[in-house]
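Take a look at the structures listed below.
Same chain, two partners: chain A is paired with chain B first, then with chain C.
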Partner chain A sequence: MSLEDNQLTPETVNNWDDARKLLRNWRDGNIRMSKETLDLWTSLIAPSINKLGDEKWLVYEQVFLAALDCHVLTIAADCIAALKSQFPDSSRVKKLFGMHYEAIQGYDKAIDIYESILSGDETNAHVRKRIISCLKSQNKVKEYVSELNEYLKLFQADHEAWLELCDAYLNDMDFSKAAFCLEELILMYPHNHVYHQRYADIKYTQGNYDLAKSYYSYSLKLNPNNVRSLYGLLLTTANLKSSQKSKEGVDNAKLNAWAREQLDSKYQTVKADQNLMDSVNNLFQSLSISKAEKA
Partner chain B sequence: MGKLVLSIGLIGLCHAAYSATQHKSYMRLTEHDLDSNSSPVSSLPLDILIQTIVCLFLSCFGVIQVAAKFRPIKITSEWEHKTWDNVANRTSFYSFNHRGKYLFSDSDNIEPNLDDYVKIQPKQNKSQKPVLVENKESDVSSVSSSEDYSSDEHNTKNS
Partner chain C sequence: MKDISISKVAYCKLFSHLSKYPHLSCNGLLLAKKSKSQSVQFVDCIPLFHSSLTLAPAFEIALTQIDAYCQQNELEIAGFYHAFDNNNENQPNLICYKIAEKLKENCSNSLCFIVNNSKIHPSNREPCFKTFVFGEDQRLKENTCNVKLEDGTYEACLRLLNDKKFNSINDFDNHLDDIKQDWRNLGLNGKIRSVESLTAN
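Moving on to the complex of A and B:
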């Protein structure tokens, strides 16, 4: 009996068809659950791999990456052998070989493979990105950032690379440049609440509470279920309460109260246990704001 | 099921079109007056009309079944259930240099790359412990793995 798509979890899966659907969900949703992927592979999928039809090559690639994540090199070797026998001349399979070398820390060999692919085809964006991640894994921060910038001059619409650059600047505590990267992303995907919330996080860290508050509010307008934005709104209004004139203070108080109600109802729906509720209530009390005094 | 409905709908449409052309040639053959608006025979017969419309709806229904599921029209609804953890996963930039190697691997002999951390003196017995240059591991683990390294050194010297 097959379950609905959103009910599938690794625990409830017990036949290869459901396992295949679950893997497809993870593939499409960019979800990186490597250990569970390998468990599903060994228990359900590998015995009936031929029933998957053309999807099996995608599954091989997915399981290969999961095996590299968990460093189970036997499964990785199986998958790459199957892929190589089917697609002997493919640059995508060559890239996977390169990733294998990266996983066993043979970065020089990996970069050689990537350079050879690039010499055959200069426009291959994936391989350029792998070279950049080799630099990241080796902790060569300066070259990593400069290579990423060079890459972005060529491929300006690559949202993954902008996110990567944003994270790199955040690791370096360079918040203004990280904010710039996120602004580019927001321009590309203006309806994505996650980018707005992240931008608001960076502005909050920089101390710009007003801007953070407006971005948190916008992210909540796009998606009222974003709990990080609710907390963000709570904290920004709590921080703004002290330095406001009376009218804005009242507005902030209302927003704060509203955010708190939303968070309360969210915790109710999840049926959190009493310890969690106590600590959450204490947190809210310490952040509570009184009515603003008249200036 | 969708494919069946779609094929029935399309075949019905083709049949209705063929019947309509046949009716037109019949009209021309029997030399009815095509200009008169009142003659009931000159307009398309009712059954062909009904067949066309019904097969149109059947084909629409079939196409919807065969093609992908409907998605909600609000553009934000596609992003509503995504969390930062999954949106931030940059699949092209995956790095494998993380603790998954040590947590989930099934082989017991992951070379822990201690060469940078532990310098071993060249001639030593099993009883002698090696000199630790930069001790980044905890003391217990470095002692146990150093014994392995010293026994390897010993074996390679003998062989």
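Moving on to the complex of A and C:
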């Protein structure tokens, strides 16, 4: 008997149908399980590939990418040969050839292929992203960042690209530009608590505690279970305590105490042991406002 | 030349962290027994982050908690490791410099371990990192150490890799996403030690 789709894991799969379903789940969900994909391929799928019907071309592509990810070039070569003979003129297959060159560090050849695809199809976003990733792999940081910026002028709604650019700036410790990327993302997805929290993290790093406090609070309004925001609120309120006037100081102390209570109850529900709680409590103490004032 | 020794548990946890996130930059702390001597004994490893390594809030939370943990267990934060997402990069960057500077204030013996991505696989039979020290001249410079790993460390790493046990390691990022995930990795410690007893028999 087959298991329900959502119960499938690499450990529970033992027949061909389940393996097919699991591969399909990963493909549709864009889940990177490269090693597991290859294991399913060699143990179950590959021996009777033709049972897949037309789905086999999608599976070939999926397994090819997983093989590149794990650097198993023999499997990659088998997959791409099959795809090439079926679709000799496809630009999607051409792109895979480019990625094959990337995997063996032939970046110039890869970029040649990508540019030839772009000359026929300027709006191919995937191929443009491949060129950017070639620059990233070669550690050409400046070119990589400027190319990514160019890309975002054309494809402004690509939130993954904004996140990528944000990470690039963070890596470079250019916090104001990283914050700009997140402002774009917050405009696109105003109800995403993670973007608000991430923005607050950046503002905190820059030392702008007031703004950080507002964004942490808003992210907690959207999702009260965001532990990073709760900790962030503790940190910001503790840092603000000395610089604020009496009225704001009272609010701050309240917020600080509230965040601590929330965190404390979360640790209670997961039954954290004493040793871990000692570390957590030590942190609470050092960030507590009321105790510091009494002392 | 400085003498350092690294326990099997510490090295295997560092290795597991890198294996769990092969496509990302990651970092973590190495904890040593408190001692006055020049040789440092690293006995544990706390994996920290695999995303946004330069942001302050998560780092402050992690360091404060781990510092308290060290005090309870008579350990000190005597080193940190950094592995780059890019395969060819193996020189410390700005954030490594900042962390090294902070650790130096806390522990004068502290070291910075920069992972060499081409040496991670345990079949190489050599430590997968270069060591750097934060010097008086405010620079991070390479410093060759006499690194002694506990016997059977590489075998234990291979075992973790083959049994896919490395995936069960939790770093501080995992903990902040879901506080059930314990950054001390007590369960994994047990597994690593049990490999120890198997090889001893």
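By definition in this document, the second predicted complex is superposed on the first by the 206 of 295 C-alpha atoms of A that agree within 3 Å, B and C clash if a C-alpha of one lies under 4 Å from a C-alpha of the other, contacts with A are read in each partner's own complex, and residues count from 1 in each chain.
Methods note: a residue touches a chain if its C-beta (ideal position, glycine included) is under 8 Å from a C-beta of that chain, and two chains touch if they have at least 3 such contacts.
Note that the coordinates shown come from a computational prediction; the quantities given were computed from them, not determined experimentally.
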Which of chain B and chain C A:205 touches, first, second, both or neither: second
Partner chain(s) touched by A:17 [first = chain B, second = chain C, both, neither]: neither
Which of chain B and chain C A:282 touches, first, second, both or neither: second
Which superposed partner A:191 touches (first chain B, second chain C, both, neither): first
Which partner, chain B or chain C, touches more chain A residues: B
Chain B versus chain C as contact partner of A:132, first or second or both or neither: first
Touching partner for A:228 - first (chain B), second (chain C), both, neither: both
Which superposed partner A:171 touches (first chain B, second chain C, both, neither): second
Contacts of A:270 with chain B and chain C, given as first, second, both or neither: second
Chain B and chain C footprints on chain A, overlapping residues: 32, 69, 136-137, 167, 198, 228
Residues of chain A defined as touching chain B within the complex: 29-32, 34-35, 38, 65, 68-74, 99, 102-103, 105, 125-126, 129-130, 132-133, 136-137, 160-161, 163-164, 167, 191-194, 197-198, 222-223, 225, 228
Contact set on chain C toward chain A in their complex: 23, 25, 51-58, 60-61, 64-66, 68-69, 72, 86-89, 94-95, 176-177, 179-180, 182, 184
Residue numbers on chain B that touch chain A, as the complex places them: 75-76, 79-80, 82-84, 86-98, 100-107, 110, 113
Chain C partner contacts - residues on chain A that touch it in the complex: 32, 69, 136-137, 139, 167, 170-171, 173, 198, 200-202, 204-205, 227-228, 231-232, 235, 266-267, 270, 272, 275-276, 278-280, 282-283, 286
